[in-house]
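Each of the two complexes below includes subunit A, the first together with subunit B, the second together with subunit C.
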Partner chain A sequence: MIPDTVTNRYRNEYDRVFARLPGGPGPAGERQHHLARFMETGFPHPRAEDWKYTSLQPIEKREFKLADAAGNLDPAHVKALIPDSLDAYRVVIIDGHYVPEHSLIDGLPSGATVDSFANYLGSNEGTIQSPVIKDEPGSLTDLNAALVTDGAYVRLANNVALDKPIHVLTIATADQADQMNQVRHRFELATSAEATVIEHYVGLGESAYFTNVVTEVVASANSKLTRCRIQQEGKRGYHIGSFYAHQSRDSRIIDHAFDYGARLARTGTNTRLAEDNAEVHLYGVYAPTGRQHIDNHTRVDHATEHGISREIYKGVLDDHGRGVFNGKIIVHPHAQKTDSDQAANALLLSDKAEVDAKPELEIYADDVVCGHGSTVGQLDEAAVFYLKSRGVSEDGARAILTYSFANALVQMIGLQPIERFVESALLAKLPGGASYADLA
Partner chain B sequence: MLDIKNLHAEVEGQPILKGIDLQIPTGEVHAIMGPNGSGKSTLASILAGREDYEITAGSVDYSGKSLLDLDASERACEGIFLGFQYPVEIPGVSNLYLLRAAVNARRAYRGESEIDAMDFMKQVQTTVEQVGMSMEMAKRGVNEGFSGGEKKRNEIFQMLLLEPRLAILDETDSGLDIDALKTVAKGINHLRSPDRSTVLVTHYKRLLEHVVPDRIHVLAGGRMVRSGGPELADELERYGYAGLEDEAQQASAVS
Partner chain C sequence: MAATTEDVETLVADRGYAAGFVTDLEQDTVPPGLNEDVIRFISNKKNEPQWMLDWRLEAYRQWMTMTHPTWPHIHHEPIDYQAISYYSAPKSHEDKPDSLDDVDPKLLETYEKLGIPLKEQEVLAGVKGSENVAVDAVFDSVSVATTFKDKLAEAGVIFCSISEAIQEYPEIVKKHIGSVVPRGDNYFASLNSAVFTDGSFVYIPEGVTCPMELSTYFRINAENTGQFERTLIIAEKGSHVSYLEGCTAPQRDENQLHAAVVELIAEEDAEIKYSTVQNWYPGDENGKGGIYNFVTKRGDCRGDRSKISWTQVETGSAVTWKYPSCVLNGDNSVGEFYSVAVTRGMQQADTGTKMIHVGKNTKSTIIAKGISAAQGEQSYRGLVKVVPSASNARNFTQCDSLLIGDRCGAHTFPYVESKNSTAKLEHEATTSKIGEDQMFYCQQRGLSEEDAVNMIVNGFCKEVFNELPMEFAVEAQKLLNVTLENAVG
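And then the complex of A and B:
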């Protein structure tokens, strides 16, 4: 009899489903290796420095199961989740399974591959072993490697620039209690390739579920990836997102993250500027309300010279919302001429909301510019009064000013349907905010 | 239109208004002058509904309603407008959005439907021309990157579009060059009519040469110490407030 420990539950689940997991014998061997590593380390220890403010106990307590198939959704339902007038290729993953009927990958330019991660794993070159994750990854990334069922796979050949964004819509129907989604996306951009990817997570049902997603990016020389991550998990959803990117010389990654949903969300966004003159921009808006807990950890490794990193995270916290931001920047010994700037700002709309925002700079080179700043504040009461004196209600004034606070980051997306979508989704979270949705 | 009786207000236990009595009849323009720190801006803010002050005594009647029972947005919907001494910047929220929200808040308050977008834009077009603002400025974020003068011009723009019954302008003339001042004055005069009233809180006589008030009141040390016709401005300019502050101090010593 195997004792009912947290890790054993996942081993049992692996035993239950392994025959159906995608990929040939190669990936199967890799899965076992990662499972063994997960069994060894288990969930992150609550006393680990990186997990000081976020406890995964609610996840550990439950017994999550993978869904055998995608839940049924009619096309109108899926359409309702898509940002208005967004013209994009689309990869739809429901309950951890790619659903071709809802997806749209016709008419891709030559040299562009967009497929499901399962199909990729089943191909000759399919491998779970990441081209990106070199250091010791977190154990949840190991767990994902052992159990991954599907995701999006994108590969762009040299000089291919996609004419439209790719909308990767990951839906949890949460039809059944304690469902788990182990999803992996991989984006490989060859030299001078260019793409915009919208990673979008939505939860529908009322049951508790667990989405554990890993995104890997290979940004080859002179390539450019714009990534928008919109997290709208359901109110009983647990979302763990791990992003790993490897950037070659002259590559650019622009990351726009919007964390609105989930009971508990924790994302780790890691990029390595591995060659000279690589550039990364990390912009994030997180908005825990009610009793939500949203934790964003970012890490930029400046490994060589002339790297550029720009980072701005803004928190909007209402009710008992709890936010965590930790921005680690490591400037390695040979990373001279690094140009880095980080800002973390938080707006507390309620005196019960709480945020821990921490810059973490480790600088081992001397000829660098590394700026950072952090603010936590409340709405400017003079501005609230100004708006009220024009006739706007108290709630309206607060919604408008919150919108204004987040707006600068939204504007940077440069893709109107997404800008409008993330702005109205933010307003919809605020009392009375929905009536100001046309601000967006 | 406005009847203030024995209004006392304080901030953190510090009395600022010490018994204000003031009547503004419908159709009149009144100026409130006085030295710095006399309570002029406090009075203007209290009338518009700012909640940082504690009203310890007195009443304010506005067209038969007790003004102090309404919150700032209700007062705005009832036709009160405050032109701010320091207008607030709200980046990313366009002026026009705010104004449309303001117009529609008033309409909702009166049980009317939202304004037609075309009608609104027509009004905007006319008003923009009146205050010599560009359409581009009207569409920009509220006061975003505006100079001091542009902010004040924008206050007048908002006032003209919202057509208040009672406009209270808190030092809208301070720090303006003469051209901007004339625009501001033109806006105020434009709104002058038998069914509207205006309160000009000002430090300088210059505005009153362009907008001749029906009455001038002098506020010093939290009390109204003098009232008179437009000629009072000349006297104040000639002799300053020095004597008045003494009067105010004597008055508080007595009380």
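And then the complex of A and C:
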């Protein structure tokens, strides 16, 4: 009799679904390896420095099961989730399964492949973890590797630039209680390829569920990836997102993250500037309200020379919301001429809200320019008063000012339908914000 | 009232301690190792009351359940706590060098550069027979100390060793010891609570402004405070005190591990300024030897409008682990932290501060300057915490790191935790090397490369040096130049 420990529950789940998991013998061996590692380490210990402010106990307590198939959604329902007038290729994953009927991957330029991750795993070259990405830390990433059912797979050949963004819509229907989605996306950009990807997470339904997603990016020389991550999980959803990127010389990754949903969300954004002159931009807005807990951990490894990193994270915290930001920049020995800048700003709108910020710099090279700044504060009362004197309600004034606090990051996206979408989603979260939706 | 040989022998017999002590009390040394008997021995030796012994034992029991912290960004060989002798009087006469000729020439060179008189050098290097010379000839600390004591007594200030205070003022000590840094606070604080051998005690009565800067400098020459120092400073309502700790000259010291605890208590309207210059032996270029310095320093701004200010210049030790902190309990209380830390050779430092805002309108300022050269590794680790009651709390933090050489490291780990929406917290940090344009400018004006570096580094640290008492600031500046010598090029 196997004792009912947290890790054993996931092992049992693995045994239950093993035969149906996608992938041939290669991936099967990988799965075993990752499962063994997960069994060994289990969920992160709350005493671990990286998990100081976020406890995964609510996830550990429950017994989550993978969904056997995608839940039924009518096309109109899916359409309602898509940002207005967004012209994009589309990959729709429902309950951890790719759904071709809702997806749209016709008319891709030659040299571009967009497929489901399961199909890719079934192919001869399929691997769960990209061989380029070596250091995937964390037991939750191991758990994902062991149980992954599906996701999006994108590969662009040399010099291929996509004419439209790819909208990867991951939906949790939460039809049954305690569902879990183990989703994995991989984006591989060959030399000088360019793409924009919108990773979009939506939760429906009222039951608790657990989405554990891993995204891997291989950015070859001179490639450029713009990624927007919009997290709108359901209010009883638990979201763990892990991002790992490997950047070759002259590559650029621009990441825009918007964390609005979930009961508890924790994202780890990790990028390695592995070759000279690579550049990464990480911009994030997080807005926990109610009793939400949103934790963003980022890590940039400057491994070689002339790397550039720019990072700005802004938090808007209301009610009992709790926000955590940890930004780690590591400048390795020999990573001379590194240029790195980071800012973390948080706006506390309520006395019950809490923010814990920790920018970290680890520097082992001397010819570098690195800086970070971090602020925590509230709305300027004089500005609120000014708006009120012009006839705007208290809530309205606060919504407008909060909106403008986050707006600087929204405008950096450069894709109007997405800008409007994330702005109105933010306003909808603020008291009085809905009446100013046309600001967006 | 020293313990007699019989006392200890009975103690040993009672406890059934087979290994026994070296009971020659003239030598005042126990064999290496730590257990309850050793703690009883220390307490007995110091003729402490029962409550003090109980307190130590409780700390020891807590320590036994704790593990060595692994979170600091430092690497060193594991420490064997059973290999340390927890009570040893000054080194025996035979171990001391006969004259300055026997002393490490590098150490002497440093003294020379700091402009320390020859006699004083002998004392610092621990040369035979130098103790008395030092007292009489160098700075005549007996008479200084005497005039000093008279003047303090007149003002009602108590300034003595903690052992003396336990005898003379047990009720004050009992009330306050461990009230800021509890016995079980952390691994090193617990160890210190169990085995502390000496340290300073300062009590400033209500409304008194201490007539002079208090310094351990005089005392330290008279008695060896040992490696587990415990300091307790109490500033009553409306009192002011400035306390200086340490000494700019590197001291010869065989003790590998230093685990000190400093507790400051500031009542209503009181102000404590605590300045440290730490220059323990840093080990050689290859990282051999050197002091492990694990210190817990914390101040409690207990009363409204109280203020505690920490200033530190850290240039010594192989490993430094130190976070002077302020708990801002009183409304409108103020906490400050100014620090310059230098690591070179194979030195490592993980240092910073904690500002815990509890009272309303509390303010804190943190200015930390780190300089890392050669293979030095340095981390700033700080916490600014605002609890829900701390309305209108305000913090400004600035940490800058300067890198000299391409094999050193500088790291920043600032934690910000805010639970109050009226709090305003700012943090900024920069890391860079000395600009080539700055160097070029200085050199084209005729300064040598080394002078240029010194000038730029001193400018970099100015904000902190400004907080030091004048004489100290001058010495600290000189010390910095010596420390960074040959670090460039």
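In the analysis below, the second predicted complex is superposed on the first by the 437 of 440 C-alpha atoms of A that agree within 3 Å, B and C clash if a C-alpha of one lies under 4 Å from a C-alpha of the other, contacts with A are read in each partner's own complex, and residues count from 1 in each chain.
In the analysis below, a contact is a pair of C-beta atoms (placed from the backbone, for glycine too) under 8 Å apart; a residue touches a chain by one contact, two chains touch by 3 or more.
Remember, predicted model here, so these are calculated numbers, not experimental data.
S.K.: Applying the touch criterion given at the start, work out whether A:372 contacts subunit B, subunit C, both or neither, answering first, second, both or neither.
M.R.: The second partner, subunit C, only.
S.K.: So, does A:357 touch the first partner subunit B, the second partner subunit C, both, or neither?
M.R.: Touch status of A:357: second partner only.
S.K.: If you stack the two complexes on chain A, which partner ends up touching A:203: first (subunit B), second (subunit C), both, or neither?
M.R.: Neither subunit B nor subunit C is touched by A:203.
S.K.: Just to be sure I read the superposition right, which of the two partners does A:407 touch: subunit B = first, subunit C = second, or both, or neither?
M.R.: First partner only.
S.K.: Is it subunit B or subunit C that touches the larger share of residues in subunit A?
M.R.: Tallying touched residues of subunit A, the top partner is C.
S.K.: Quick check on the complex: what are the subunit B residues that touch subunit A?
M.R.: My answer: residues 45, 48-52, 71-73, 75-77, 81-82, 84, 86-88, 90-93, 97-99, 101-103, 105-106, 109, 141, 158, 162.
S.K.: Which positions of subunit A touch subunit C when the two form their complex?
M.R.: Where subunit A meets subunit C, its residues are 49, 333-334, 336, 346, 348-378.
S.K.: Which residues of subunit C touch subunit A in the complex?
M.R.: Touch list, subunit C to subunit A: 71, 73, 386, 388, 401, 403-433.
S.K.: Within their complex, state which residues of subunit A touch subunit B.
M.R.: 380-383, 385-394, 396-397, 400-401, 403-404, 407-408, 411, 436, 438-439
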